[in-house]
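Structures incoming, each one as structure tokens.
Presented sequentially are two complexes of chain A, the first with chain B as partner and the second with chain C.
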Partner chain A sequence: MAGPAGGGQGGSEEMKNIIETAVPGREERLQAGTAFCGPCRELKKRLGMKNNGCLNQCGRRFSQTFGCQLTLSLGMLNSLRRTVVITHGPVGCGFWSLGGVASNRALKQLRDPGSGGLIWISSNLDEADVIGGGEDKLREAVIYADREFRPEAIVVASSCVPALIGDDVDSILEDMAASTAADLVAVNCEGFKTKLMATAYDAVYNGLLKGLTWARERESGLLPGRQADRFNQADLDGLVNVFNVGSMSRADEVEIERLLKALDLTVNFIPSYAEPNDFRKALEASLNVSVCGTHDDYYLTYVQDKFGIPCLIDTMPIGRKATARWLRKIAGHFKREAAAERLIAREDADLDRALRPYREYLRGKRAYVSGGEVRIFVTAEALRDLGLELAGLKAHHIDAFARPVFDDLDPGDDLYINVASQQPFEQANLIERFKPDVIVMHSGGGNITARHGRPVLPLFGQGNTYLGYAGLFEMACRLKRLLANYSFNRNMKKYRPLPYREEWYQKEPFAYIVDPGAGPAASVRADQAIAAGKETSGARDGMANSDHQF
Partner chain B sequence: MNALIEQPRYACALGAQQSVLAIPGALPIVHAGPGCSSKLFGFASFGAGFQGEGFGGGSHVSSTNTDEQDVVFGGESKLNNVINGALRILDGELFVVLTGCTADIIGDDSLSAARDFAARGHPVVGVETGGFKGNNYFGHEEVIKAIVNQFVGEVEPVPRPRTVNVFSVLPYQNPFWRGDLEEIKRLLEGLGLGVNILFGGGSQGVREWRAIPHAAFNLLLSPSTGLETAELLRAKYRTDFLHYPVLPVGGAETSRFLREVSAFAGLDSETAENFIAGEEKRFYDYFVSLADFISEYRNNLPSELYLVADSIYGPGLSSFLVNELGFIPRGIYLTDAPADRGRRLIERSISERGGFQINFESDGGLIEADIRRRIGGGHKAVILGSSWEKFIAQDTGNLYLYVSLPLNETVVLNKTYVGYNGGLNLMADLYSSLFSRKTTTSRTQLFTD
Partner chain C sequence: MAGIIDRPRFGCALGGALGLLRAIPRAVPILHAPAGCGYSVYIGLNAGAGYYGGGYCGSTSAPSSNVVEKEAVFGGEERLREQIASTMEIMDGDLYVVLSSCMVEMIGDDIRSAARIFPGVLATPTPSFHGNSYHGYDLMLETLIRDYVPEQAGKKPRSVNVIGLVPGQDAFYKGNLREIKRLLALIGLKANTLIGEGESLEDIRRSAESELTLNLSDVYGSLSAEAFKEKHGIPWLRAPLPVGYLQTEKFLLTVGEYFGLDREMIDQALQREREVYFDYLERISDSYNDLDFQRYGLVVADANYAPAVTAFVAEELGWLPRLTVVTDPLTGEQRARLDSRFETFEPSIKPEVRYDGNASAVRRHLADTWERNRNQKYYEALSPLIVIGSYFEKDLAEQLKCSYLPLSFPVNSRVIFNRAYAGLSGGLTLAEDLFGAIIPGR
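Showing the complex of A and B:
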């Protein structure tokens, strides 16, 4: 079975320590990097070096806002049914919950028609709490949530302020556990802790493990011997946990379920839109399957070590190549290879026929793909399958989980890749250079991107299918429609240019990246570019050297 | 001291980055954690009727993205770098450094970083807006005061007759601020005034802010937010101000407002009366044209009013609905926690306008519980509020209209509920909502479920 990728993490003892204390940032745990801009061959070289070639040391001298791990944690936690989430911090910290006000109930009801909507509570810390501590307010909020709403679980997601003023949320919740009907979950996800939003996945799973998985374990009194029996039984039933992600729609889940049913498997989707009890059911499964390595190695590795449930962390089932690879790995675990091959052959044949007119239309168009590290590489491969070419790539961050899909894609040595969470100033510079015909973009970046005057296909969407074979077909249809008329975006560019000075477009896109780990070659290249002001490496005013005079 | 809060309706002080973005030519530089700026954009723009990033908001906002190293060693050098970069990369005329909780708690001297740049001739202003210090109404006023003190600065005023600076609704936090400010400007220009509207597309931007000291007077169109600004300008530039605490909605209030402004500014009363007469004629022509509808559907019309809005918007809206349209106020909730003197002023204004019960309540959960208890099984209510109130209206079979945040199921462009035009818009939206619940307009079916 494929183990988790990534360096750094060791066996169960180390894992247990990690869980008992707090989650380290992913720059530390996985040596993940957030700042890089250059050709793919250089990135490949860095990823092949020890500690990812110190990509985690890279930074920027100028930066724009992106999202903190609390932002993303709330994105995951707010989807849990029968759960109340308390944001522990000043009132502004909870505002990622906003997107849930209208859609949260509808999306939950897709899974459970009786489900209620979002309950949004903030401990609303103020200046007096910064001096005196916010622990009393937190206790009050937990009691209120328990008495008023009677949820199965109460999650406390902590922002920067409680961490800075020293609130011990874990201890408080431990003390309160006996006095609440709900299970209590502490998620320590203060934003300053990490440059990687994706650390949120670890922070959330850390909380769920402490608050739900362990609690269930105590309750059910599972012993190692009996666990083995249960899992053998489950193996016969073919129960598989598929770890859905926030960027998956219900329609994506339906497609995944269709494919796994064809292999005679039963699917349990966690953690998004699950309810607390689902995490108990999940311990009865015979295999944990990730749909994106960036999301859940922390939880899957722990559960594998602790409960002996094997896990599969490999690729993301988007596009034919990755979907087939993903299905083959799962089928291999259950010795159902023949069924998988039949399924893949049938789907391929159907798709080839259906895609013919779309391929003709899309052939040779150049795409720029931006989003999470795993998703962009498989999406890029899917786009090539549709006949498009790549104009450039942009990843939120980069670590070893990208390796299998990055190698699989083989994007070509000279293709530019930008590693950046948002940072639209770099993107603007790159898009002006590469002039793609279409931009495939993670949500939150779409509005900026529309102002480049080019058509934009969202990288994912709650109302659409992207995964599996159905997803590829739908992407083809939507791309064709987008390219047919993108007047709105053209007019955006015409009437409202982006807010960057003309001089910025003359500079190299990596001009503000600080890269202590870059080899001599890379430094020379950057220096030459900055000093020479050549057309291709453009910095005309020697910006890097004159910065301090400013 | 703040209590815990459910369903909050306002952001933290750093939310004032949106006030900066509302000034043409101005851009914020946020010295805070990596998610602060984007969350506040999410609240006050994306989740506020999709108002958009404007020229340089949303993901474009410069941010130091405070990390653990900055918390341990201080974030001042990073702030310097980011200000430096912003000045070179972004096409702004004025940069406002706003701090978040981390910077303020660890004690970064962010203001002197801004001061150093300003001393070297760069248009940079600094303001402390750590989220724990207050809400975005507080932050909004801090930003205005910082720009006045640090950017407009010590200027000998040369008063220009018949010009006015307007301080009113909160940009973005009021989803209709763009349309509202257009209408307010139109009304004041109708009196013959030159108007520095200061925020939004009708403003000349940074140039207009530089002209603040030279206005003949200031107009504060809000019960309490902006009062400190008006007092500051009086002390600094000796500019007197008219405090009109109720945002005018509809015919009666708008005419009363225009007359007071005209008298305060010492304008020619004939010009004012001519303008008012023309506007009123138009307004009441439309008003009367509703007669068919009102008479025919009298039995189906909602009669009970619930309203959830801030203290700038709520009193004027409810006064119009009660005094001009005949609604019975059942629950008026003002959500922005105004200071005590603001509350007293609002209560006095309401008692001058028929007098009805108003509640100062920021906790949306308590508001929801109260509305549900009062509505009971009734189907005669209209609820003006946010996306949260839509759920109450749907669950109880009543009507709703969007007027406050959070708002993520509607798109707002140039709509206004202020002035004569706002009153007309409100009537059209309110009565049209009657038909959105059913495919039929039969009066026997409208409220039977």
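Showing the complex of A and C:
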């Protein structure tokens, strides 16, 4: 196990023994699952069992592409300011970065008007490197990035190929630390390592800890033993780190900042769109607050253990209920409960008044909500607050971080939930069954979802507010607008068919899920469905008897 | 050996193959790859190609074996066979093609033998370490020609296949093919562009009946052209992508000569076209001369567009292309072929030609080719200048405070449907866009 770039002494010696150079997949670390389809209560039962009822062992006989550790890591890393990202791998592995290149500079400039756009370099491994190793090209890329662009940090995100040929990126960067002006960050995020794309969050934080947090801690002379004094001081200042996520917009941050300022707190947003130095400032905060448990536990619990900064990982402040819960938890930490109650009461009353006409319009409309595990549950609750009903849920993956919000949501016995990282074929089957009035959807499925001919509200977006009270109002406005005219998608449905065979819609939506942990009855029926390759005669309990028209 | 690249302007072989399959109606790709390859390629291709979209079953709909560590250890062919079988059950397609990623090639999976079990399923190994998108297009097309196109006994007279435009990497490929087909029809040739408007798998299947393959590229498509020759006995001719009237005339004369067509007849065919073309182009002549619309040019593009666009602005617009940067990794032979394209401009204007795929290198090459401002009393600036390149040149154009038109990959800032820059209608469109880029900033 290699240490951080540049090594360390004193306190960091201890940390070196804790942090590995790479992180385990989340199917292993959190027993997270990516394949399930059934009533919510059945999933809740599984989550209540030991090891999440072996959900992590579920798979599919048919699957569709969705993304990997590397792509999601790039999604986070490309947002860092004053940073150059090296994709260590063949040329195709960085192709993803083209998707965000046009908006990158503008989004960075919302945080710092002097920001430049995205710069990334491919180590462009070819056949000779596959045989001989890619380490020389990596060194060349690091030196080029340092000399040509003088960034504050250079991040190396490694793909499958260097992992398979055994390039030791951490050691290389450690050796090079003295010869570059930039801090060097190794993110080991080869795609084939895990089914759980969200492992990328751990991989990125692992890299940032090794390359930035450690380096900063060393430089500023902060040692774990001296933290207590500092944080008493910081408590007075009320500095909190809010761990923003790639799916948050600047407008979302402004809303969060508004609410926390009302509690007399100061906010530092990391890691998205931060600059390397922000990670130093982050060590001065008195509380680390997550906005989505799926993202940050790896970093937050580590920093809590090593630097004594407490953390809060609970719900995501979307919708009134979750926002109030989130604010109360933070206020509780600072003993500012009364201020929080005053704020919540005022915001609730204002928003209630404003929402009245929208609730009338939206009442009874049925929504299908798909995306990240925490976000969909709080969004579902928010939609109910707007008067909508739920037609179905779909989570990218599922693990214990969903529990607080999932438990909070009372979806009714028969509501179906599909756990699937994208997998639009299952979504197509479910949407054709449940026939929702509106689909609230994570990005990536637009082209296929359009052809269902229904209005689509993106689950998040860089141009909009979703979080807090302002976010709920904006969602209401947009839903009303989207429902008023969705001819574009209707035409797509009419003229551009979905690519699935008619037979697929006759089968159960879980027909291709392999679930070794399912109860005997369910798994037998599922097996029969698979063997017969057609619709099972008796659907899984809950489905056939539900109120939904199939 | 390939070097590191500062912001590559292409994806991997898998990307090129997926770009081509995206262009074929009801074609279904089956990726043997970790979960990220397919979607990553789609993200790059969609935005870079002026919003190409996932199409019938691309984007997150593309079937993919999503192999993980277990397969890296034990091999992934069993998982692939399962995925092919289940894909055939669920996905409604007319063509199924297995493509591979780096990882499965490195662990030694044989996608061809796995695909062979399923009648009609094709396979093309497309690891990134073998080549880029342009190469992947060629590999995929070659597979179709060798393994899918049935042999034909007789040839249809005056019929030609058209290849060499890489879907996605050329955001305008479909509009361009429409125009090429129209131009060839002017001189009595029936073109099969394989992936053009209204064309389908049936056209690809019928491509063996053509008499000739026209390769519109100096660099791309050679494997496919050779495959048509070897497998189907169809000779091929290189006739680079023409942009504007002068290049179109040359193009038609070259093709016409191959078929032994009368020069007079070709000129006759062009008579009406000339009228239409220059009638439109003439519209700008007032402002061109009232306001001095001559420009210096900096062209940054791939091997198809770089020579054609540079020649167009030099020969037809009367501009002064100063520097052209060709952004593909090329062999010496390919460079020599391209070099010759820049030596025959009429009038004899010779831009500096550099071969460099690094985004930040363009500025350096420009500095090399124009004397720097050393604060002398009288300094002739490289102005007025227009930058014709990709999205990556946007910042450079802003810094140089000059006009800018993005047309080469990636073109993230434009939405492109049926627009074309090829031929006569394409030349007019390019002129519209170029003058349109000048007018707001003049």
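Convention: the second predicted complex is superposed on the first by the 503 of 550 C-alpha atoms of A that agree within 3 Å, B and C clash if a C-alpha of one lies under 4 Å from a C-alpha of the other, contacts with A are read in each partner's own complex, and residues count from 1 in each chain.
Keep this in mind: contacts are C-beta pairs under 8 Å (C-beta built on N, C-alpha and C of every residue); 3 or more make two chains touch, one makes a residue touch a chain.
Note that the coordinates shown come from a computational prediction; the quantities given were computed from them, not determined experimentally.
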Simultaneous placement of chain C and chain B on chain A, clash or fit: clash
Partner chain in contact with A:P317 - chain B first, chain C second, else both or neither: neither
First (chain B), second (chain C), both or neither touched by A:G471: neither
Chain B/chain C common contact set on chain A: 25, 61-71, 89-96, 98-99, 101-102, 117, 119-130, 137, 140-141, 144, 148, 159-161, 164-165, 191-195, 197, 421-422, 424-425, 444-445, 447-448, 496, 499-501, 503-504, 512
Chain A residues touching chain C - in the complex, by the definition given at the top: 25, 61-71, 89-102, 116-117, 119-130, 137, 140-141, 144, 148-149, 159-161, 164-165, 191-195, 197, 421-425, 444-448, 496, 499-504, 512, 533
Touching residues (chain side chain C, partner chain A) in the complex: 1-8, 10-15, 28, 31, 33-48, 53-69, 71-72, 82-83, 86-87, 89-93, 101-103, 106-107, 127-130, 132, 360, 391, 395, 410, 412-413
Complex contact set, residues of chain B against chain A: 1-8, 10-15, 27, 30, 33-43, 46-47, 52-53, 55-56, 58-68, 70-71, 81-82, 84-92, 101-102, 105-106, 131-136, 365, 386-388, 390-391, 406, 408-409
In the complex, chain A residues that touch chain B: 25, 61-71, 89-96, 98-99, 101-103, 105, 117, 119-130, 137, 140-141, 144, 148, 159-161, 164-165, 191-195, 197, 421-422, 424-425, 444-445, 447-448, 496, 498-501, 503-504, 512, 543, 547, 550
